Structure formats: structure tokens, C-alpha cells
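Common to both upcoming complexes is chain A, partnered first by chain B, then by chain C.
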Partner chain A sequence: MKILHKIALAVLLSTALASVFARYIAPAGYEQQFRDEAQAGPSLHHPLGTDELGRDRFARLVYGMRVSLFLAPLAALLSTILAAAVGGVAGFCGGWVERIVMGATDLFLALPWLFLLITVRAVLPLNLSPMTSVIITFALLGILGWAPAARVICAGAKQVLQSDFVWGARARGCGGLRLIRVHLLPSLRPALAAQFFLSIPVFIIAEANLGALGLGVSEPLPSLGGLVCELQDFVMLRPEPWRLAPLVVLIVVIGAFQVLLSKQEVHA
Partner chain B sequence: MLRSLSLALLRFVVLVLVAGLAGATLVRVAPGFSSDEQELTPGLSSESIQAIRQARLADGNIPRFYLHYLNGLLHGNLGRSQSLNQPVRDLLRDRLPVSLRSLGFALLLAWSFGLAFAVGAFRVRSRWLVMAADSSGGALISTPAAVLALVFLMMRWPPVLAVGLLVFPKIYRYTRNLIEECLEMPHIVVARAKGVGPWRLLSWHVVPSAIPQLIALVGVSISMGLGALLPVEVFCDLPGIGQLAWTAAQSRDLPLLVNLTLVVSCLTIGAIMCCDQLRRVVGRAAA
Partner chain C sequence: MRAKGLLVSLVLLCSSAVFAQHGGELRFCLRSDPKTFNPLLVNDDASETVRYLTAGFLLRVNRLTQLPEPELASSWKVLDGGKSIRFKLRSDVRYSDGTPFSAADVAYTMQQLLDPAIHSATSDAFRSGEGKLVTRVLSPTSIELTFPAPVANLISLFDGVPIISSASPQKEMAALGPFFVAEHKAGAFVLLKRNPNYWKKDVQGRQLPYLDSIRLDVEQNPDIEAMRYQRGEVDLINTVSPAIYEKLSSVNASFVRDAGPSTDAEEMWFNQVPSAPIPGYKKQWFTSTAFRRAVSDAINREDVARLVFRGHAVPAIGNVPPSNKFWFNSSLRRDAYDAAGALRRLQSDGFRLENQQLRDKSGNPVEFSIVTNAGNRSREQMATMIQQDLKKIGIKVNVVTLDFNSLLERMTQTFNYEACLLGTVNGDLDPSSQMTMWLSSGEDHIWNPKEKAPATPWEAEIDKQMRIQASTLDLHRRKAAWDQVQKIALEQAPVIYLVNKDSLVAISPQVKNAQPSPFRPQAYWNIETLMLARR
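For the complex of A and B:
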């Protein structure tokens, strides 16, 4: 099992490093067109060939990984902050505040997330610039993905507030913001960290689903979802199997996250 | 009992109404709401474009729109789809059975496989079986629903199988963890120490302890199944509510979107609350 964890960690580190040093690994860039070599097969210059517009598939994959692997953690951070605020307030206040907040959380949890995401994303203007579409897509993931984590944080906050050291602190006159800052937040840090890491693969998959449905990151900026969208031309997959590379990378990256987070998932 | 049921019913109605309002508000406040693709039609006169904008502005006042909608709902009128130019009631009548059939079949499949693999992992105790189930479950969880739908479309396999496979790993993992947790309970440890056989242990001790949580999972799995159904219906051209939601979302069809939000909320919240009630009854009976 330890070997599997090491392999997963190595996979994630290598993909992260490849994304960071994308400029050196794929100097062609994601939008440069090689018009004489459109739809070319793999070669030394283009390890995964080129697409219909003559763009290097390997460069687009490496830059796509950069978009997905760096913005998914930001979206996860946003959703974790929201979950900490919502769940923390509900757990700290208790009573009717908790009932109302948890009712809203239940509502969010009950609605199929992808359904909600597609509805909101589809209403946004279609002529967004690529950078704006990236920000909006991942911001939406972060804003709409707080509910499961909020439930866990609320339960955690209630548990912490009933512990002996908090009673002791309260007896000494510690209350309000100081109690939250000194006792509640440090105790909730492991749960918050677990929720943050668990959200990352969920958001990468959600972006891939949105991209496949044509509602993800706009062209020419690549993302794993946008690259997966190209698989719709599945007639070409059998003669050109290298087109499957984005899907393979996506499954390997998410699989690596699954392996590393399996224990946290059980405890969360 | 009656009081608890009435409270649950009241909670259900409030949650569904709030969900409908939230859906309408989300669509309304999104920055692209005021734009309409019809305005790009080259043959339209400035008066026609003005009329389209006026019609959209009329939908813009959310409280008025929602109250008007609820009034219609009480009289059995769900409004008219702007994009498909058909009564929403007819659209739902045609599409809902397709989705419910697919969902039912997919959940049956997911639960059969999930329970079979989880019980198999407990009963057989084969490392290879566990590894095979874990890795196939992991691969399915790592695959976006849209991609699996494309694979099924390419291979011409039944699309509902894809929905079942997308829900299966979550049920398998949860059930397996639940069985393992149950096996650590003191009375089950004692039963094992006394030499109770595995089938008897499962049916007499593990299942009664795990059943309330499994009932809760049934409710959640309906929500998971609906989420997975959406891309599968879109890619595999299944004429269900997922595809309808996709069409409505693309054409910014507010009446259809609000109705679909209500229908999906009714299905998921209703299922979760029914399972919750059943779980309480079973828990009470077990106690």
C-alpha cells in the first residue's frame, strides 16, 4: 500500500512540475499553429501530433494540466473558506441559526450538483474571454461546492465546543471571536485540510464534465475538460489513439488523488 | 407519528419552494440573463428585438415572476417553454417517465453490483477480489460522466448502464466501509469470537446494524443518479429531463428551468425525506 501511495505522490508531483515548467517542456505553446502540419501524427517535434488547427497536442495537454491542476485547488480553497464560514457559524451559534443554515445546506446537497452547475454556467454570457471563462468556471465550482464540507465542519465545530478545554476556556471568560480564533479554528484545521484536499479531484472532474458539455474554459485556452471535449469526434479515436492522452492523464491524476485521499475520505 | 409526518411534509413543501425560488434567482442574477441569442437573428427588425428585450425584462422581476408562476402551478398551469414553444406540462409528461425509468434501472444495477461486491469482499476475503473491485471503482470515480457516456455511445452499449456504473463505486465503497465498521462493534466481535459463521454474522448482526445507514444511502443515491443521468442523456440522446435541462440551460429558458429545478428538487428532497422517515422507523423497531 505504501508503494501505491509513493507512486501516486510521484504522479502528482511530476504532473505539477510539468505544469509549472510547461514553457520549457512544450516550447511550442498552446496556441501556436503549425499550419503545414495540421492533424499530423506523433513525431519528435510533436509527441502527440497536432490538432485540426495545427496546434501541438502535447503542449495543449501540458498547459491544460496547468489550468486544471492550479485552479482546482483555488476553487477548493474558496469552497473550504465558504464551508468554514457557513458550517462554523452554524456549529458555533447552534439553535435556530444552525437549523436554518443546515436546512439550506441540505437543500444544496439534495440538488444534483452538476445540474445546478450547468444551469448557472449556461446562463453566463457565451462570448467571454478565455481568461474570464476560466475564472468564472472555477469560481462557480468553488461557490457551489461548499455544502458537503459545511456539514462536516458544523459537526466538527459542535464537537469541539463541547470538549473540556473549550468549557475551561469559557469558564475563564474566553468567548466570541477569541474562542473562535484561539480554540475553534486550530481544532478544525485537520477537518478543513481534509475537505480542501477532497474537493480538488471533485472540481477537476466537474470542470472536465463542464468542458465536455461545452460549458467549460473557452478556446484557445486549454484545460483538461476542454481537451476531453475533443473526444466527441470518436470516429478518429481508433486510427489516432494518441488523442486519448488527455483522458488517460485525467484518470491517472484523479486516481492518484483517490489513492492519496482514501483514508481522509473515510475519516471525513 | 402523525405530527412527525406533517412536519416532514411541511419541511418538504418549504424546501421545494425555496429550491424553485433559488433556481429562478440564480438564473436571474447571472450576468448573461439579459442577453438572448434570438437577438442575433439577422432578419429581425428593431421592433422585434425591442419586443424580445421587453419580454425578458418582464421575467426579470423575480418575486413577481415566481408568485405568478406559483399561482399558475396551483391551477395546473406550469407555463410555456420559450425555447421549445410547448407547454411545460406536456414536456415533463413526455420526458419524466424516460428519466425515471433510466434512473430506476441504473440504481437497481448500481445497488446490485455495489452490494454484491461489498458482501463478496467481506465473505470471500480474497485480496484479488478486493483489489479488482477497488481499482474498477477507482477508475469509474476518476472518469467524468460525460466521457463514460461517450464511451457507451461509441460502443453502442445501453446508456443506463453508464449511469449505473457511475453510481456503483460510491455504493460499493460506502457499503464496504460500513460493513468493516460494523465488524468492529463489540457485540459482533463477541459473535465472531464465539464462532458464528459469516452468513449468519452478516444476516443476524451486520445487516440490522447497517440497515438504517443503507436506507439513508438509497436517498442520496437518487440524487447521485440524477446528476450522472444529465450528461449521459445529453450525449446518448436520451429524451429525458436531463437533456431537457441542458436544452433549457443553453437557451436560457427561465420557465422551463424553474420547473425542472422544482421537479428535480421534489424527486431528490422527497426521496431523501422518505428514506429518512423509513430509517427512523427501522431504527426505532431495531431498538
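For the complex of A and C:
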């Protein structure tokens, strides 16, 4: 288990490093079109060949990992913070506050988030740069993704508030913000960490889903979701297995997050 | 030796006939379930396929020669300068259920077609003016139709009028075409069987169609359809994407055929609506002919055709493709890709290039967005190539993909977009079918719809020429007017035509007599003469 954990960590670190140093690793810019070398097979010049427009597939993969691997954790952080705030307040206050907040959470859970995302994207200004639009997309994912975690946090908060050490602290006059800061938040930290790690692959896949609908990251910026979306014409795959690289990376990265998540869950 | 050669040639010539099978079941796929079997209400591709295979028509435009040919009408005569048409009908023709066909059916069909309550898409072209259609049944085999005003292109319009029975107990399900609907399982398949009463025979006097039945399976996914075709489960695919074409071609070159450039075009245009919620300085760019022409010149159409469509497209010259043999203005030539020339044209219009960024007279950086429909990979790729091409002349382009409804809303209601990339499907070769696109008051005048008065002198000239071609039956006058429209459209570039896609079809080598056409329905337009080789 320990070895698996280390491997997962190594995988995530190496993919993170590769995407950070994409500029030095990639043989060309992700948007550069080598139109005379379109659909080329793997070569020294283009390790994973080129796509239909002659863009280097390896360059697009490492830059795409940068988008997915950095923005998905940020979106996960945003949704975890929102979940902690909403779930924590509901659990801490209890009574009618909890009923109202959890009712609102249930309502949020019932929303068809995919259609909501499509609608929000449709009303965004058209002249946003691809990077701005992808940041907005992930921010939306983060803003919309807090509800399931909020229910878990609310339940956790209520459980912590019933524990002996909290009763003891209250008996000694500890209350309000101090109780939250000193006792509640540290006790909820493993649950929050688990929610954070759980959300990352969910958001990577959500972006891939949007990509499959053609509503993911704008061209020419690549993302793992967008690159996986290119595999839709699967009848073409058999003679070009190197085109599966983005899918393999996506599976490996999500697998690594799952391994780390198991550890977090054990701790939680 | 010569005799031996002759014998071998004879054997080869006869082999297709010898091994071809009279009968059998042809199988292919529909992308969706047909929405209707009433031929007058057809408004979707699947229903259109069923209609093409089952309905009888007075005449048909030959998909290869592009000329009208007699079908249920053995001859016709246009009268009163295009206001009336007299048809002589074939005698002894019966529907699939045995009901006799007569001139009363044509009168009934036309009355039904022009009934406003039916909302038939085909009927709009016949509405030439205020007033009603007058039908005069002269005899069981002769009818005269009189329209309120002359109808340009009157003959070809009947290529889209399916005749329905006024007397059959089966109503519109009684077929005059080569097949009739025998079975339909919603969402799964439609089974068509040979019409035993079909009137047509081949040159040897054999009853047509040769096939016994056609099974149309509903299959939404084109990749799965291609796999089924490869496995021999279906016999043809009416249109395949360039990617699937290449894949099937690599398996077996005889699996696919390129029928040549179609009339379908991919194009982009700038929003020129005065009330559009975009900055004024951008409206100035978009209404500048020099700007539009420069953008057009800076797009490498050859690369688009070669990379996006894998060579199965040709750079577009204008709004009418050369494949439209009669109506294309053959004197037009597209300026070759010329980024340097485009930049010079922009500089002569007051634009300047500073640090790889193009700026207008007021110093605004030239940047705009191109919207296209999400999920259409070839359009997304075209937009990305345009983005790269225009970057070379300092123009920054943002590519935005939107779901189709949002895109339509922006194009037709809010006008909140800057440039749009879409495609057009031109089913009708005649310019009268494009009135709403080219008349400045037209709803489909995409760059500035429903103008109260022509916004520019060249739009006024297009209006004039379009009205001339619509108001006369003199083909030469019509052609001259339409040629002039094409010339103005190329010079002013309100729409930047990018490529004309080839018609790519997959027809199994088992299917004999196939002659794919660039026009719909590409693979099975001559369905009655298609034959299957022995499986």
C-alpha cells in the first residue's frame, strides 16, 4: 500500500513537473501548425506525431496537462472552501438554519449542472481569451460542485459538536469563532482533505465531458478533456495507438488521485 | 490472340450482369427515426429518404445531368410567361394499393400542398404572389395549374412535389414510387418493399425496381454505421466524413467513392447589423469591403481543403460552386491566398501593423471572435486554421463554440456576435431558391437580415438583379442577372466562402449500377436500377 502511494505521488509529481516545464520539454508550441506534416506518426521531431492540423501531439499533451492538473485542484479547493463554509455553518448552528441551508443544498444538488454550465458559457462575452474562458469554466465547476461535500461536512460538524472534548471546551467558556477555529476545523480537516482529493478527478472528468460536447477549453488551448474528445472518431484508432496517450494520462492521473484519496479517507 | 482478348473483354463486361441479382434486400441507415410518412409534411432527412424511395413525382431532376426528366408526367408545357403549366400524365399508372392515378390526384396534391394549415416547406417556393392556385383537370391524363403570378424555375420545383392519392383508402401511405412502407418499428428500422404496381420498366422491358426490399436501420452514430458497413451489415452510406472515408479507403479502395464537389459550402461572415451590440469601431471594420476582402485573401483555403477535409473539398470561388454547371459564373476567379497582399489592402484602408499587432486608424487592436456550432469538429478546425492564418497579418481571433440554439439566438435575435462560421446546404440549383439569402429584405440575409432598405449600393444592385432573375422565364436573362450577383458577391465579400465539400459516399462493391452524384441523395438517387450481386 505504501509503495502504491509512493508511485501515485511520483506519477502526480512527474506529470505536474512535466506540465510546469512544458515550454522546455515540448518540441513546439501547442498552437503551432506544421501544415506540411499533418497527421504524421511518431518521430524524433514529434514524439507522439502530429494532429490533423499538424500540431505536435506531445506538446499539446504536456500543455493540456498543465490546464487540467492545475485548474482542477484550484476548482476543487474552491468547492471545498464553499462546502466547508456552507456545511460548517449548517452543522454548527443546527435547528432552522441547518434545515434551510440543507434544503438549499438539496435544491442545488437537483440542478442539472451540465445544462447550467452550457447556459452560463453561452452568455459569457465572446472575446475572452482561451485562458480566461478555461479559468471561468473551472471556476464554474468549483462553484457548482460544493453541494455534495457540504452535506458530508454538515454531518461531520454535527458529530464533532456532540463529542466530549467539545462539551468540555464549551463548559470552560469556549464558544463562537474560537470553538470553530480551535476544535471544529482541525477535526474536520481529514474530511475536507478527502473531499478536496475526491473533487479533483471529478472536475477533470467534468471538463472532459464539456470537451466531448465541444464546450470545453477554447481552441487552440489544449486540455486533457479536449484531447480525449479528439478520440471520438474511434474507427480511426487502430492504426494510430499513440493517439491514446491523452486517455492513458487521464486514467493514470485519476488513478493516482484515487490512490492518494484512499489514504486520505483512511485518515479521515 | 485478338479473338481471345475480345472474349475476355466480353466475359468481363457481362460479369456484372451475370452475377448481379434481380431482387434481394438493400440495407442502409437513417440517422434518426422518420418524423412523418406524409410526403407533404417532410422536414427532416430521415423522412426525406423515405419520401424519395416511396413517392411518385411528375418529373425528376437527373442528379448527373442536372436536367428535368419525365416521370409521372410524360410531358409539360409552361404557359402565360410562367404563370401556368400544363402536364400530360401517363395512363395506366396505379398506386401500391391498386388505386388508379389520375389528374385529380395532382390537383388534390397541389391544393393540399398550398394549404397554409399544412405548413409544407415545399410550398413556399410556389407562393409567387397574392391569390390562389387554380387547378383545371382537362382529362384524367391532363391538368393545368395556374399560379397567381409567374413562378421562376417552375419546372424544377416539381422535383420536390410528391403526388398523393385523392381516392386511396390508404391515403398518403399509398405509394407511386418504387417502394412502399411495409413495416416500421419506431427507433429501430423502416422496411420498404417493392411496389408491385410501379409503372417504370428498364430498356429490356423488365419491371423496376430490381430490389425486393430496402431495410433502413436507425443508427445515430456515424462511426458505428461505418463499422457495420465494414462488416457488410449495411450496403451503403449516403454521406461519409473525410475521416471515415480515409479509413474505409485504407481497408478497401472500392468501399468508397468521391462523387466530386457538391454544392454544399462552408463559409464565414461578419456581423453588419447596425443595431448589433458590438463596439462601433468593429462595425466600421466589418462594413469595410477592404477589410472583408483582406480577411478573405489571408485565409489559406487550399490548406483548409487539404487538412480539414483531407483533400475531399475544393477552395470555394463564390456563392455558386462550379459543380452547379449551368448557373456558375465561369468568368469568376478566386484571388489566390496572399497574406502580404491582404496586409497591403488593409494598410491602404488605414490599418497599420505594429509589433505583430494590426491596429485600425484610431489605434484599436484588431481582434474579433468567430462563433461556430459546438461539436462540429471540421468547423472548429477551420476556425483554428483561420485563427493561425490571420495571426500572420496581426489579427487576433478568438474561437468560440456554442450550442446550436445559443448560436441561432445570437445570429437571428440578439445579433450579439462578431463573425460566424457555418455551412450551407444547397439542395436546389436554381437561384430562385436563394432569394431570402440575397434580397436585402430577406430573413436569411445573414450578415444584416431584414433590411428596411438596402444598406449599401451594391446590396441595392443585388436586389435589382435578384428581382430580374425571379421575374422572367428567359434563361439567358436570368443567367446574366445571377452572374452579376455572383460577381458582386465575390467583389464585396459579405460572405467569405471557404470550401465546397466533396460528396463522399460508401457503396459496397456488391451494389451494382451505382452512379454516385454530388447532389442529394448522392448514393441512391437511381434506386430503381440498383442491383445486388449474389452474397
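Criterion: the second predicted complex is superposed on the first by the 236 of 268 C-alpha atoms of A that agree within 3 Å, B and C clash if a C-alpha of one lies under 4 Å from a C-alpha of the other, contacts with A are read in each partner's own complex, and residues count from 1 in each chain.
Everything that follows uses one rule, which is that contacts are C-beta pairs under 8 Å (C-beta built on N, C-alpha and C of every residue); 3 or more make two chains touch, one makes a residue touch a chain.
Predicted model, so just to flag it, every value in this text is computed and none were measured.
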Chain C versus chain B, contacts on chain A by residue: B
Touching partner for A:208 - first (chain B), second (chain C), both, neither: first
First, second, both or neither for A:97, with chain B first and chain C second: neither
Touching partner for A:218 - first (chain B), second (chain C), both, neither: second
Touched partner set for A:9, first chain B, second chain C, both or neither: neither
Touched partner set for A:251, first chain B, second chain C, both or neither: first
Which of chain B and chain C A:130 touches, first, second, both or neither: second
First (chain B), second (chain C), both or neither touched by A:118: both
Which of chain B and chain C A:107 touches, first, second, both or neither: first
Overlapping contact positions on chain A, where the chain C interface meets the chain B interface: 118, 121-122, 126, 213, 232, 234
Residues of chain A touching chain C in the complex: 31, 33, 35, 38, 52-54, 118, 121-122, 126-130, 213-215, 218-220, 232-236, 239
Chain A-touching residues of chain C, taken from the complex the two chains share: 223, 226-227, 241, 243-244, 246-247, 250, 303, 306-308, 367-369, 371, 373-377, 380-381, 383-385, 387-388, 398-403, 406, 416-418
List of chain A residues in touch with chain B within their complex: 103-104, 106-107, 109-116, 118-126, 201, 205, 208-209, 212-213, 225, 228, 231-232, 234, 237, 247, 250-251, 254-255, 258-259, 266
Chain A partner contacts - residues on chain B that touch it in the complex: 11, 15, 18-19, 22-23, 26-27, 30-33, 35, 37, 138-139, 141-147, 150, 153-154, 177, 223-224, 226-228, 230-231, 234-235, 242, 245-246, 249-250, 252, 257, 261, 264-265, 268-269, 272
